[in-house]
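Below are two complexes that have subunit A in common, paired first with subunit B and then with subunit C.
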Partner chain A sequence: MNLRARLTGEPLALAGLVLFLILLPSLATAFFVNFVMTQTLILGLAAATIVFLSRYGGMTSLAQLLMFGIAGFMFGNAALDGGARGLNLGWHPWAAVGFAIVVTTLAAVVLGAIASRTTGIYFLMLTLVYGVIGYFVFAQIVEISGPGGITSIQRPDLLGPPVRLYYAGLLLSVLAYVGFRALRRTAFGLALQGVRDDPVRMASLGFNVPLHRTLAFVLAGFVAGLAGLLNVWWNGQIDPASISIGPTLILLIIAVIGGISSLEGAWLGAFVYVLVFTYLRDLPLVDRIGITEARFNTVIGVIVLAIMVLSPEGLTGIARRLPVRTIRKELGGTRA
Partner chain B sequence: MTPASNGLDQVRREDERTTSTEVRSRSAASVRSRLTELRRPSVWVAAVVAVAVAAWVLVLADGTPAGAAADDPGKFLVTVLDAVTFAGLLFVAASGFTLIFGLMRTVNMAHGSLFLLAAYVAIRVQEAMVGRSRNIDPADVGLLDWLVPMLAGAGVAAVLGLAIQQVFLQWNEGQEMRQTLLTLAITVVLADQMLREFGGLAQRMVWPGAVTHFFTIGGERYAATRLFMLGIAVLVGVLLWLWLNRTSVGMVIRAGVDDRQMVRGLGINIKRVFALTFLVGSFLAGVGGVLGASFAGAAPGTDGSWLLNSLVVVIIGGLGSLKGAAAGSLLYGTVVAFSPAYLPSQYSYYAIIMTFGLLALVLAVRPYGLFGRPA
Partner chain C sequence: MASVVEIREVTVAFGGLRALRGVDLDIAQGERLAVIGPNGAGKTTLFNVIAGDIAPTTGTVVIRGQDCTRRPSRHRPRLGLARTYQKARAFAGLTVRENIYLALAGHRGRHRALWRTPADRAMGDEAADVADRVWLSGQLDELAGELAHGQRRQLELAMAIATRPDVMLLDEPASGLSRGERERLVELLESFDDRLTLLLIEHDMDVAFRIAQRVVVMADGEQVMAGTPDEVRADPHVHRIYLGTEAA
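For the complex of A and B:
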């Protein structure tokens, strides 16, 4: 009975979706898989860390893109040698991966510890400040960012063909989704949700509230760092402008479009964002009404504005509300 | 937590009216509690850092662009003036932000956009008034050619701010995160539309000719425009203080900061007070924008960096407190002015890390800022 209940509904639909995504490279065009879907998975993975912090920790973070960028810059610095910009350490690619992850996680420890006594709006503002200061650090200290960014970054041989990068993104996304969901029921996850709901009570029960928040931030930073590595392999380059305030807000907007309180919404939001970004110019008549590629941010902003006015839970929130309403209508119909 | 602490305050206030012996024992207790506060390691760290920085600037800072203050008092004086005048600009920009938050608990992320919009509008108006669009000579700019554009720019910012509040923020009062995200989306749209309308090039507002000259202080030349800017900031601060502390509207606003429900219960139309506060807060953002455009120019990205500046000031000073905005502006202005001058020459572009250090230090000692309190 229990097993049967578990096998129906949501998990089954998600398993089907994953299966579909695994088969996708043989169904869709290379452009759709390697450009649209890979980008969706990378951005979705990064946005999922925002959702994780927000939903389970009550902390809406704008520093996740900074973590994403730190990992990318550190990989670029460590893996390249000679001729290119940056530190040119010339390490083995996998050593560079380890280095990037360690630095990102350490940065998350420091930033998380400082921010751990604040929540809600204060946390949002503080992490926005982190993001912008981080941007200035990379923009001004050119030793670690190379004047104008680090270019011609190669991915490890294992991920050579673009489709393998797609599968890597899919694997990490599934792992992150399952991992975050599983964390909910662990002792740490339960304590974290307790900290979100009532920090004073948790503190008086003997839980170390700042420590729980810091650990959650470190985990989110680690995962965002993985997404940052995928991004730098996908792009082949990274520059400070890619982690400035605009993209920082865009990552939050992706989480908001999908619904800041649902994990799967992160990937949904990323998909919508990438679709709009990629195909807006192909729509007929957009030029006529003054919306060109250059006005892309206006379109995204208006979409977010509309979503926030309609439902603060984003697209998944809207989707969840629809069936309930139709069911209610049916019930009303039978009663009448 | 707030009702409980309010209750405690009440008890304390009543205590103060009781016998002198109790007062004495209470003051002894408060001295003791202050001493225990001193024993916290973070307070010590902050004190040690402050002493070390002072020693560095005064005596040790050889090989920096400015040199040790004991050797070169003129440079030191100029840096202090830089710090105070920049703090004035920071205060004007951040006071509107903190005013709006204090009353409505709304974090207005569009503050930077209003700042930049006012700057662009003022530049356009000034060009129209002087009759030239480029290479305006300060000598041709009368005091009115600066003041009228300033009022026009700040007025546009105020009206737009009011419109944002009425259309997007009024009906979802209390949903902080939703309001913040709404203003974020507005920021993205406004930034894009301003880029379309005003282009991507940096533009500059011209100071009035009457204040555009240099004077000598401690052997260094110094621009009088910066003191003019400080004067306007002080004027804004004094007017704001008088408004909040000496008028009946100000009294309502201060009461609203403490307890919105009670003000509403007393039959005051708080919606109108909210609207007025948003208008004034946006107007202040606009004044800051025009000052900023005269001081350092306006370009795409200025909105983001001034949102950052306002955020840093209010995070250091404490959200919702005018005193905090003043203290935060002074501290942040000091760090911004001193770090490029007193870091060793080859490290001077690490100055941004100093801002982060200040933030970390203040938050380690007081998580809600110097004058802030938990919301």
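For the complex of A and C:
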């Protein structure tokens, strides 16, 4: 552990946070846990895949919400039976989970293999195109998306009570966070960072650069698929509009709010987004200054702008600077 | 002695610009060859063709008996080839140890492991030994992006020698180094095993002529002459194209 980590006690703080989140259902209201926090964990998990690809692979992907949506639609098609919209395959819920994950991962393999040939702005644009195509596929092929979406989706019995979904979100978030962090030190993770820094040099060292990018995209797609499953269980429905260009950009904005270069920022950004989304309308006098629900995205835009002006690294960038200053003060240190 | 690298009639055209014009070159195993020439002579393009970073427009590249003309650069380490670049290309966001580790991992095919094993730790230790050889042991845990220019060059060299290559291509390794650092570089290059084939582009004639057994002079994408360092040094034509003056 380096000096900075020791000073800020980062691992200890994270362990404390997880413990707090485990105890949260007995401390907070059911609404806060089951609505605000569950949604935060789901969106944070999905946004973490954007951060993972960006930070470790140098790839800013706008296709993560598509992976999220594919998993949700596939589960809906496979798990529902007669009378519901979609394919109505009527499979066992866990078989439907497997089906959704396999289809999402296969889609990530194909899309990742194509996108891995591009970098920078071209990668961003290509993944945006994926998102747009995905939206139209689900919007126009109503056999797999239902007219106006797939509704009445039930979660597996194991996740019956809402608080269990919260814990499932927490478990997957912790696993994804720890997994992505641990991956950084592995041969694959180091190679991915090498690809980010200099793909030509990596190739000269014997690495298959497009394959590395593809594998990273598949891993991110798999995790985004898990988030998509949680989302469809939490929401009970999914429709093509939920994976259109607007929500696609919102997921990117969540990652930017938290800080696109830090994994924890994904969940922090999601928390801020959900807080604003949930409580903004309840603030006193807010409607008198013209902030109505219809102008919610404008408010989010102003918040993003303010954060970017204060710190391009998002909220985690601001948060990281605070404790170090405090410690310097405590130690009586000054800048030369 | 058998050739480890055979270049035949290699031409490289970038649109209307012909960077290489029918270059032929044979490099024997264990040979120390310097390629010199003025800027724009095609030296780095020749390196890029040998290393697989660019494919020649026409001609063939054979390395250790295998036709590599159209094979991408990632196949070269398997043939025992390593290179450095004119502009140091270390991975800025990784530490010195991690940079050298990646060179080792690339050579040994440990590309996609999702967990760390004792082999990784051994490679980390090996990386430390290699860093020591290029006087970077004090910077092992520093980010490559924070190193001074000369140290980045040393790191490039470390990444090349880490894989114990049979053929090493060094593109201006002495560029930007202080006099003392150049001396250490020459000592290091002279310490390499006799079986190592060394191909060197270098503008510092003192370094090039001390290391090389044979010198190839290039100009305008063509090989102008080849000979021992003494022959090249005495050649009036080389003086004219390189320095714009006749030999004294």
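Quick note on the criterion: the second predicted complex is superposed on the first by the 313 of 336 C-alpha atoms of A that agree within 3 Å, B and C clash if a C-alpha of one lies under 4 Å from a C-alpha of the other, contacts with A are read in each partner's own complex, and residues count from 1 in each chain.
Just so it is clear, a residue touches a chain if its C-beta (ideal position, glycine included) is under 8 Å from a C-beta of that chain, and two chains touch if they have at least 3 such contacts.
Computed from a predicted structure; not experimentally measured.
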- Can A:Leu128 be said to touch subunit B (first), subunit C (second), both, or neither? first
- Item | Between subunit B and subunit C, more extensive residue contact with subunit A | B
- Query: Can A:Leu215 be said to touch subunit B (first), subunit C (second), both, or neither?
  - Reply: second
- Message: Looking at A:Val302 after the superposition, I want to know if it touches subunit B, subunit C, both of them or none. Which is it: first, second, both, neither?
- Response: first
- Message: Output check: A:Leu268 vs subunit B and subunit C. Expected answer is one of first, second, both, neither. What do you get?
- Response: neither
- Look at A:Ile245 in the shared chain and tell me whether it touches subunit B only, subunit C only, both, or neither; answer first, second, both or neither. first
- Message: Once chain A of both complexes is superposed, is A:Arg185 in touch with subunit B (first), subunit C (second), both, or neither?
- Response: second
- With the two complexes superposed on chain A, say which partner A:Thr60 touches: subunit B (first), subunit C (second), both, or neither. first
- Query: Which of the two partners, first being subunit B and second being subunit C, lies in contact with A:Val200: first, second, both, or neither?
  - Reply: both
- Message: Give me the intersection of subunit A's contacts with subunit B and its contacts with subunit C, in residue numbers.
- Response: 200
- subunit C-touching residues of subunit A, taken from the complex the two chains share: 182-183, 185-188, 190-191, 193-194, 196-198, 200-209, 212, 215
- In their shared complex, at which residues does subunit B touch subunit A? 1, 105, 107, 168, 175-178, 180-182, 184-189, 191-193, 196, 301, 304-305, 307-308, 311-312, 314-315, 319, 349-350, 352-353, 355-356, 359-360, 363-364, 367-368, 375
- Item | subunit A to subunit B touching residues, read off their complex | 60, 114-115, 117-118, 120-122, 124-126, 128-129, 132-133, 136-137, 140-141, 200, 244-246, 249, 252-253, 256, 260, 294-298, 300-302, 304-305, 308-309, 312
- Item | Complex interface listing, subunit C residues touching subunit A | 51-53, 72-78, 83, 85, 89-94, 98, 101-103, 105-107, 109-116, 120, 159
